[in-house]
Each structure stands twice: as structure tokens, then as C-alpha cells.
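One structure coming up, written as C-alpha cells, with questions to follow.
Order as written gives the chain letters A, B, C and D; numbering starts at 1 within each chain.
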Amino acid sequence: MIVIMNSSATPADLQAVLQRVSEHNLTGQVTQGEHCDIVGIIGSGITNDLGSELESMSGVDRTVRISQPYKLASRAFHPQRTIVQVGNVAIGGDEIVVIAGPCSVESETQIVETARIVQAAGATLLRGGAYKPRTSPYAFRGMGVKGLELLALARAATGLPVVTEVMTPQDVEVVASYADMLQIGARNMQNYYLLEEAGRSGKPVMIKRGLSATIEEWLLSAEYVLAQGNPNVVLCERGIRTFETATRNTLDLNAVAYAKRLSHLPVLADPSHGTGKWHLVTPLSLASIAAGADGLILEVHPDPDRALSDGAQSLNPHNFQRLMNQLATIAPALSRTLGTVAMLEGLPTHAKIA
Amino acid sequence: MIVIMNSSATPADLQAVLQRVSEHNLTGQVTQGEHCDIVGIIGSGITNDLGSELESMSGVDRTVRISQPYKLASRAFHPQRTIVQVGNVAIGGDEIVVIAGPCSVESETQIVETARIVQAAGATLLRGGAYKPRTSPYAFRGMGVKGLELLALARAATGLPVVTEVMTPQDVEVVASYADMLQIGARNMQNYYLLEEAGRSGKPVMIKRGLSATIEEWLLSAEYVLAQGNPNVVLCERGIRTFETATRNTLDLNAVAYAKRLSHLPVLADPSHGTGKWHLVTPLSLASIAAGADGLILEVHPDPDRALSDGAQSLNPHNFQRLMNQLATIAPALSRTLGTVAMLEGLPTHAKIA
Amino acid sequence: MIVIMNSSATPADLQAVLQRVSEHNLTGQVTQGEHCDIVGIIGSGITNDLGSELESMSGVDRTVRISQPYKLASRAFHPQRTIVQVGNVAIGGDEIVVIAGPCSVESETQIVETARIVQAAGATLLRGGAYKPRTSPYAFRGMGVKGLELLALARAATGLPVVTEVMTPQDVEVVASYADMLQIGARNMQNYYLLEEAGRSGKPVMIKRGLSATIEEWLLSAEYVLAQGNPNVVLCERGIRTFETATRNTLDLNAVAYAKRLSHLPVLADPSHGTGKWHLVTPLSLASIAAGADGLILEVHPDPDRALSDGAQSLNPHNFQRLMNQLATIAPALSRTLGTVAMLEGLPTHAKIA
Amino acid sequence: MIVIMNSSATPADLQAVLQRVSEHNLTGQVTQGEHCDIVGIIGSGITNDLGSELESMSGVDRTVRISQPYKLASRAFHPQRTIVQVGNVAIGGDEIVVIAGPCSVESETQIVETARIVQAAGATLLRGGAYKPRTSPYAFRGMGVKGLELLALARAATGLPVVTEVMTPQDVEVVASYADMLQIGARNMQNYYLLEEAGRSGKPVMIKRGLSATIEEWLLSAEYVLAQGNPNVVLCERGIRTFETATRNTLDLNAVAYAKRLSHLPVLADPSHGTGKWHLVTPLSLASIAAGADGLILEVHPDPDRALSDGAQSLNPHNFQRLMNQLATIAPALSRTLGTVAMLEGLPTHAKIA
């Protein structure tokens, strides 16, 4: 950490800062600048709280943190990439992973049918919401435990591992008893009790980036899970909130590429929420993979205009299959692979359609 | 709700929309525009989910909601202002309410001393964090139940009602057993289980606006509490996240004035978090009241540069007293009152210092 | 400037940085941290370009600038406040200055009538657009020179000095021949040729903050004018673009208070553009003054629903007079004065209405 | 346009709105909703100014525009894609176009050498700044006409057409006499005199999206050029300003895909400015093309750490060549082509390196 004194700081101010630094068993080294002095602080255990403490002292202009505030999530401390195993699927390796399914679980027919459709097209994990965070208390909020049971039925029917959201610490146990990976939604990215409880569940945890979370805050949320001894964390960029209202959110692919560099954890992208418009999902899916994402999570509904939620951003089966074909085409150009032999055999028209 | 068809929509597309509208027991009325048709939907029970459903139909460009999605929080349905009673303090009336205290409860001496200082200067409620949401898992996260006990001691010593944050549904019961008003923090504004549990506690609930929450989303979070039959909701603007990094957040006083107009609920402002710099707290406090805020929540620490958290944005006792004096001076010019007789007698120098 | 090396930097990388620093006739002083080294650079003439240059060198993580990039606009180099004289009006002193008038000059009757109305209510400068920047090429773009002539007529009729926008360097001469203060609009805050030409005109220059300009960038735009030897610069906050769409922009009163602290230049606020809703103009005007603004610029139209532009955010004469009365009431509480004797005599009902 | 009355509007308010609509020779059609009435306005010549006018009338809550405010830039009115010819290069066709070169022209050697390097790697247009918009008045602002002459020399040496920025209307003539395509920078996206003057030059015009411009505003700026009778407009996304500070800007690839859908004009992406970090340029370049961009504009410097500006985001020749090879690999997977025969022959190792 560096302390920047202001130009009117007195020698006593500087002395007080050095004294305070030594009270924390740290060392301060002064560089005298033209307009002001700076103090470099050396030692371990330097926190943001120390910065706030020093900034409230007389003569201090501001502090600048040098090192990253996260360790377990950092590539600097863990250079090799992490591969998270969810059922029989490896996330973070060379193979592009596609998680697909409806926004909400609505009925046995809907979820089993969708699971079969997305599996046939090459998806290897099933998504579906049983607990839905909704802005309005009057909106459909999911089927709850019944939804979890239906997800389990769909898994039994297809073999696809299941990813579903958990919204509160009390529900972690029941959700973990059905799901293969727990999803922490964007609104809950800084719900720290939930992160820790999810971490303790032993299940892989996918953390969606909050609507206005910095990359650093996102990695610190991962740190909360990792600090519970659970190494199986997957990051998911799902669009940030900006001034632009033409799209529902702004999918931030800078963040995908940068998170891959800063961290060893796998990074997925969610173009369904990231754009909010089904017709933008395909180009942004391709772009996400080209930016380095390890996979996608996509909303697919057998009949989007009958969906109980998020119909406008859901792909129908036809468009999803076209997208999968395009992904299969660009994957090798990016030194990635996609999908299973079943898919390649089952959909011989891939190359032609793309 | 209005459905805007796109210019290439066919008569069959339009017919399908009207058919779908009638399936929902609603009526659609068509206006033929120069480039496209629009359908006005009439009836009750029109939801955002209906909008998403219709937007995924062929030929539909977009939908526009007409009515507000919140009812209980809306001034349209409840024209008279709500006054929330917290202990012996009324929030939302003519008197400006000042809630003050440290970011975190740190010790009995610290919290009792601070309570006495802020009371002497005219604050009528005490704040102090026992459960602290922290971006990093390695930061100080509050004293927990011990902190609640110390807040109760400070209340016993001064008579000031206590406001403190609750972070997770399981903790509502214990926090409500100590606190006079529950605070929902910005990170938890859309933690719906927490909102509902806080609503059921019967205690007044103060909801801080999320870092990137729209005014509408903020009022919908209030709706979650109100829908539990708890009418005692207080809104608190605490700064939004924008591109500007010179200040920690951007205190949005447009939102204070607009929320007062849209809703009957009291609205407070938090210039400590809203600016992140103690030297901006005074001008922004005055501005908040001038914009129509019913009161303030402020971080005051007897010794900010020894605070365990948020020292840089905390007022020391001297600066807090100066601020209170200035508030007392402008209050009558805004047809508001401030504070108790005790304060006016105890600090006879108000008018001179301001 | 501080250079932060990354943790894998080699001694040769560090040596190269020190060598480069000395090529610029600057001195580098190394502090060895636990995870990485930092280099403090000492000397004058340190620029952002140097930062970019160093950041592209091997082993460099990032650079941090220490000193402010502006000098002439900085309070650190010019501690006493600047008072800008526009005709007979002083901006930046104890008196609150109110600039009022229509968005666009539309006719002789409209501008002269408006000038008389705002003068009667206490405004001391007249605004009115002759050249209008419009998002759409098909919108009304102002009357041009004819509009300037009408502004001069309104000044002759009332004695009010005139403030009007100039959009391009070629027009500075003609606009300066009519106007008493040149306005640089938000869209042109970084139109550097325009800033310099306006600076050279010798007229006072009011610089509106750009829609997404940081406070630092705003002060650097002031620096462009000041560097032409023109000390008469007035800053104007007019709302920034954020995610919130309930209001047209977000009036940033943090920035008003902070700019007053960072700079010696007067700072005005524009709640008409800052909110976009006439009913929010009054509370935000009061808030702006309470935050420390030296005055206001307000859109007033004799008949807002007949305005050729910006009707929705214009005050009508009645609401403007009410606002002026409220300002007169709070001004003394903030140790400010408002208006002329003429106003106080002409509107004896002030105190009662407020 | 739709007018939404508020719930307390009187029949007289509604009548006044209908009367006003008919004064504009438009027709209003009323739909009576449960809580409020709406008026659909039919006819041509409906402007945003009409919306503002109506919103200031009694009883009106708000207005909603139905049709796009741009015509010439809209794909609805011009379904086939536009191909802009710049010298011998077609922008907007199947071939991916890469414009490359230094941020600033610094010397004959620098620009000619860079031109040769980027040409050898497959770039087909040369960029280089002669007039540089700089936030600080004390930064290097380009070589001016001398820079234009050096660009012409580099074109003569390589045959690459030249793209360079023009900052003010007076300079359009001289810049157009040297450049093959004029660049309007992000800060000048709403400099309307400049847009029109550039439009009248007859040269192709590339319009960078403003830092906080919506897609609609960007297309309206294109409309300004198109309305001068100049059909040769190229759009360029270069990153927007968001809350995220880890990257210099946030490259908005949603906007690339959406602009391609809304407009027939070619769309390029600028990952150098869009990320501000050279190591993110490659993944975001690939992502831009995958999202549908027609090409890239990239900063390449023979020796980035000696660049007079923007070194930190410039690729060196080695990294640029690697990027070109990767582009050549993914192009066919996206049904695009890249580059000239010269490139394919000159760099036989492409396939192997990628």
C-alpha cells in the first residue's frame, strides 16, 4: 500500500503516519516528491480497512493498494487453470461447455422435453430455475422443491447434470441434495452468508457477476467460497448495468478475457441475460467463446412465447440448434472442442447450416 | 400495457397477439399507425412477465408498461404521507430525523460514548453495525450478537432507539429482539427472502437503495415488505455506482425528490456512504434536506482514524456538531424542524457557529 | 508518479524502468515491497503519456499519478476563490446568481417577455439558445444570428447580461459580439478547439460538465480556457448519464461540492437538464445551493407547453417565482444573499409564499 | 407516438391534448385503460420536440415514441447492407477489414515502417493520428499538417489507404485532401457542425461511438452525415464508459451486433481503446468479429514503449501478426474472408502459428 500525503501535510503528520504503520507491525518507507511525500508500506496483512484508517488521518490525501485483495482466486498464486468437474462434465478444459434449459421449471413435460432437445443439440448440462429472484413480489417465483424434483426427473431421463439457483442459506441443503452445481445469481453475488453456505455444501458453485460488480468484487466473492475449502468455483459473466437501454444489460466480454487472465477459475458467459434479446444471443455466444469463455449458459424454451418468464430472451429449439452448429464450426479455429460424439453423429448437417 | 408491432408484422401476427391477450382475460384495442400497429391492453393483472411473453411472439417489436408495478408503495394509491414511529421518534413528519453513530460497534466504551456525543448534538436515533457485509472475506465483519448487546447498552444509557443491519433471514429474529428498526443494506436490497422475513418481524424496516437499483426497483423492494402487512418502511438513498470515481458513490438527490413524489414512504439520505469523504458529508447533508429528505443517517466516530471500518467517511464529534448546527439553521427555511428541546438548550451556540 | 512493477518483473525490467525515467530527466526511487517493487518518480513535467509509456514496458503492472494534472484550475495553486464578473453581475461571491430564460430563443415577444418575467422574479442574467445542439438532424436547431439579435434586444429592454451557447470555433466571434458570457455545452466539453477559441475571445466562459465526464476531465477542460490567459471560467454541473432512466440525467451534487473544494472557480448547477422534469427543478435547485453551488441556470418559458424545445423541463413563470422566493428564504441560512433590491421591493410576498 | 395520461387527468386535459395533436395536423386515437387513458398519435413528422411539448401539458404523464428517429441509417428503410469503398478496400462486405497503425504519427520513419509492418501482416488500411484530442492541454496533440503529409508518404510507399481523425470543421478540407476516410472521434460524435462538414467533403466518414452515447444517438450522428447526401458512413464501436475501471473502457459487443441489425451501415470495432490493455486486444478482436463486426481498427506501434501516446494499448508487430493469423483461422468459420493474396503468400506460417 502507498500513502500519498497532501501538499500541506506537516512533518508531524508524516511522523504520525509512520508511527501508525509501525503499530500495525508494518514498515513505512518515505519518498519525497516535488509536491508531496509518499509512504510505501511493506509487510503482510495490509487491508482496505488500513487504507480507510490512514485516509482519515491528518495530512493524508489518499492511499493506493498495490497487491490484489484476493489470493485463492488469483492466478498469481495458482498459475495452472482450474477444471471443475460437474457430474461427467469438465468445465474449464479445452472443451466448450454449454449449459441450456428454460428460465423456470414449469412442468415435467416442459423440463424433460427441453432437456432432451438441448441434449440432442449438444448441451451437456441442464439449467432450470426452481427458485426465482423476481423484482416484483407479484411475479411468478418458481416451483420450489417441486421444481427441484422435476429437474431430477429430467436428469434421470437424459443423464445431464443439473445447475440451478439457490437464493438463501437455508435452502442450500435442499438445493444441494438435487443439483449438481449451485448457481449464485447476480443479485446475490454479495450475499456473503449464502456464498459461505454454498461453499460448505461441497457442490461446485457458479457465481454470476453482479449487475454493477467490478471484476475485483466478483473475484472476492469467489474468494468467499474458496475460503470454505471448496475449490470448485465457476465464474459467469451475465451482463452489467450501463446507461444503454437498447439491450437489457451490457455483456462485458472485456471482463471474460480479463478474469481468465487474473484468475485460474473457469469463466462462462450468459448472453441470454447479457442481451435480453433472443436475436442477439447467437452473435454474442460466438463472441463470448472467441473472447475466451469456457462455455455458455443459455435460456432455451420449447415454446418461448408460452414461457412463464424471460420468453423474450429464450432461444427456441431451432435457433438453439443453429447456434450449436455455429459453435461447432468455430471451436476448432479457437483450438477448442465442442460436445460429444453423439452430437456430431446425430446432427450431420452442422457444417452445411453454419 | 401497450404492444408495439413491428413494421413487417402480418395481420396473422396481430391476430395472434389479440388472441393471446384474450386468453389472459384482457382486452386488446388496436390503433393503426403509419408504420406499424399498436395494441393497447386493458384489464387488471398485467405483469412484466406478460410483456416478456408477448415480446417473444412473431411480429412484436416491444411492449411498454403503462401503470406502476407497485401499489402499496405508491402515492397514487395512498396520497397521504406515511409517518414511521421508531421508539419515540417519528420519521416522515415535519421534523428532520438524524440517525448517527459509528460504522461498526467496536466496544462498550466506543458505542456508549458515541451515543452520548451524537445525542448531545441532536441526533435522535443511534446507528451501529453488528453484522457487516464486507467485500473481502478477510475484513472485519462485525461483533455479531455481542455488538447487538452493546447497542442495547447504549440505548439504555441514552434512550436513543437503535437502527442496525440484518444480513440474512436467519438473523432477523435475534436482530429484531435488540433493534428498534432493521436496516436492509444496499447489497441486500434484492434479497427477497430477507425483505419478507424483515417484513414479518413487525419492526420498522429501513431499505437502502442498491448500488445500481432504479427508483422503481427500490420501491418494488419496499413492496415486498409492505406486502407482508408491515406498513413501517423507510427508504434510504445512499449513493449509486456511476463512472465517477472521485467520490466513493454518487449520492442521487434526484432520487430523493422523486421517491418522495412517487411514494408516501419517508425517505432518508446517507451522505457518508454517498460520498465516501468526510469533508463532503456536510454540504451533501444540507443538500439532502433541501431536496426533501426526511432525515439523514450519518457515520460519526469519536476517533475516526482509529475506526475499524469506514474511518475516511466518518465525521468526528466536532464536525458532527457543526453540521447539526447548520441543519438547525436551515430547517426553518425549509419549513422543517430539527431536534429536541434538550438539543436547543444544550447547544446555545448553534446560531453563531453556523 | 508511482510505477508498480508486477511480481514477476526481473531486475533487468526494473533497471530498464529506472533508465527510462532518467532519460526523461526524472529521478526514480525504489521501494521493495513484499510481492513487488514500486518506483517513485520525482521531478517536474510528469504526464499521463509517461504513464502510458511506462505501462507498456516489460515487468510494469501499472502506474499511479500523484499530482493533479491541472494547475491553473486548482485551488492548491490558487487558494482564494475566483469571482467572475459578467456585466454587472459577480459570479462566485456571496450572492447566489440565477440565470434564467427559455431553452431556445423563438421570437422577439417570447424572449423579451421572458426576460422581463425572470428579472421581476430576481434573476440577474438571461439565458436563451440561438444555436442548439440537437441529437436528431431533423429537430429545431435554433434561430442562429437572428436569435443573437433578439437576445441583444432583450438585454436592451431589461439590462440583463446574456449567456448563450456557442457550438463551433467559427461562431465564437459572432456569438462573443452579442453575448456577455459564452456557454460551452455538455456535448462540447471536450471540443478543444472550441474551448481555446472561446478562451481567446476574452469573454467569460461557462463550461457545462459533459454527460460522462469525470470531475478531473471537467477541470482539465477549464484548464484549456485558462491556458489561453482567460481567467473568467465558470463551471456548471448539469447532470451525468447513469443507469437510472426515471430522470433525464442524474444531477451530481457530490461534484458541485467537490469541484468547489478542488478548484477556485465558481460552480453553478442546472437542475432543468439535470432532472428533465419541471416538478423536480425546485427541490434540486434548493439542494444545489445547499451543496455549495454559486448559482443556478434554469429553463423558464412563459408557456412551456408551447416551447419549441425542452418544454417538459421548463418552469412556468408562477413556479419560477415560487422557487425564487424559496431561494430567498434559505439563502441567509446558508450565509448567502440573493438578488437585487429591485427584487425585494418588487415581490413583497416572498416570505409569505415560501 | 403514444401519450400516456396520468390517472388524475381530467376530460378537459384529454381534450386539450387531442386539440394540440390536431394543430400539428396529426390524428389522436384514445384508448381508455383501467387507470388512465392513452392517446395514439398517427401521422408523419412526429418529433421528440412534440413529445416534450405534450409532456409539459396538464394531465400528461409521459410520451413514448414508436418509430425510430433515424431513417437514412435504418435497415427498415434500406434492407440491403451498405458497402463503403475506401480506396481499393471494401468495408461491409464478406471480407474482414483491418485498419492498423500507430496512435499518433511521430516521424516519417515511424509511420512508413509501421505501414509496411501492418501491410505485411494483412492490414489493408493505415491509421495514424495527426490531430489528437487530448484530455490535458499539456499533452502531445499531434503533428498537424506535417502528420498528414507523412501519412501520404506512407500511403505512397505501401498503397494502403489512410484513415485519420479530423477534429473541427475548419480542418475538414485539409484533412480530406490527404485522407481516404475521415474519422470522427468519440469526443466529437455529437459535434454536429463537424459531422455535416465531413458529410459534405464527399469522403467516407467513420464515426466512433461516443463514450456514453446510446446506439440510437450513434445512428442519429450517422444520420447527420447521410443527410448531407454522403452514403459512405462506417460505424465504429470503441468502448463505453461504465463503472468498471479495471479496463479503460467497456467494449460493447452487444452494440456491434445490434447496430448491424438496426442499420445497413458497416460496423467496425476498436479493441485497443475498448480495453486499453494490449493483452486484451487479441481476445476482444476475435470476439468482435464473432459478434458480427465487419472489421477492426487497431493500434500497432513498432516500439510501444517509445510511443508518444497510448503505448499501453498498442500491439507490437509480433503480437499483431499473431492476431492476424488467428483472425485468418476463424474467418472461414464465420463465413468471412480475410486479407489479400499478398498476405496469404507472404506469411505462409499463419496456419501453424494459430
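Note that in this section a residue touches a chain if its C-beta (ideal position, glycine included) is under 8 Å from a C-beta of that chain, and two chains touch if they have at least 3 such contacts.
Quick caveat, the model's predicted, so the values are computed rather than measured.
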Item checked: Greatest separation from chain D - chain, by CA centre -> B
Notebook entry, point to check: Which pair wins on C-beta contacts, A-C or C-D?
Noted result: C-D
Item checked: Rounded Å distance between chain A and chain C, as computed from the means of their C-alpha atoms -> 40
Margin query: What's the distance between the Cα centroids of chain C and chain D, rounded to whole Å?
Written below: 28
Notebook entry, point to check: What are the residue numbers in chain A that touch two or more other chains?
Noted result: 212, 241-243, 245
Item checked: Contact footprint of chain D on chain C as seen in their complex -> 20, 47-49, 51-57, 69-70, 133-141, 167-170, 187-188, 190-194, 211-212, 217, 220, 223-224, 227, 241, 278, 304-314
Checklist line | Of chain A, residues touching chain C in the complex | finding: 2, 4, 7, 29, 31-36, 38, 40, 42-44, 64, 66-67, 76, 212, 241-243, 245
Check: What residues of chain B sit close enough to touch chain C in their complex?
Finding: 212, 214-216, 240, 242-247, 250-258, 261, 274-275, 277, 279-280, 283-284, 286-292, 329-330, 332-334, 354
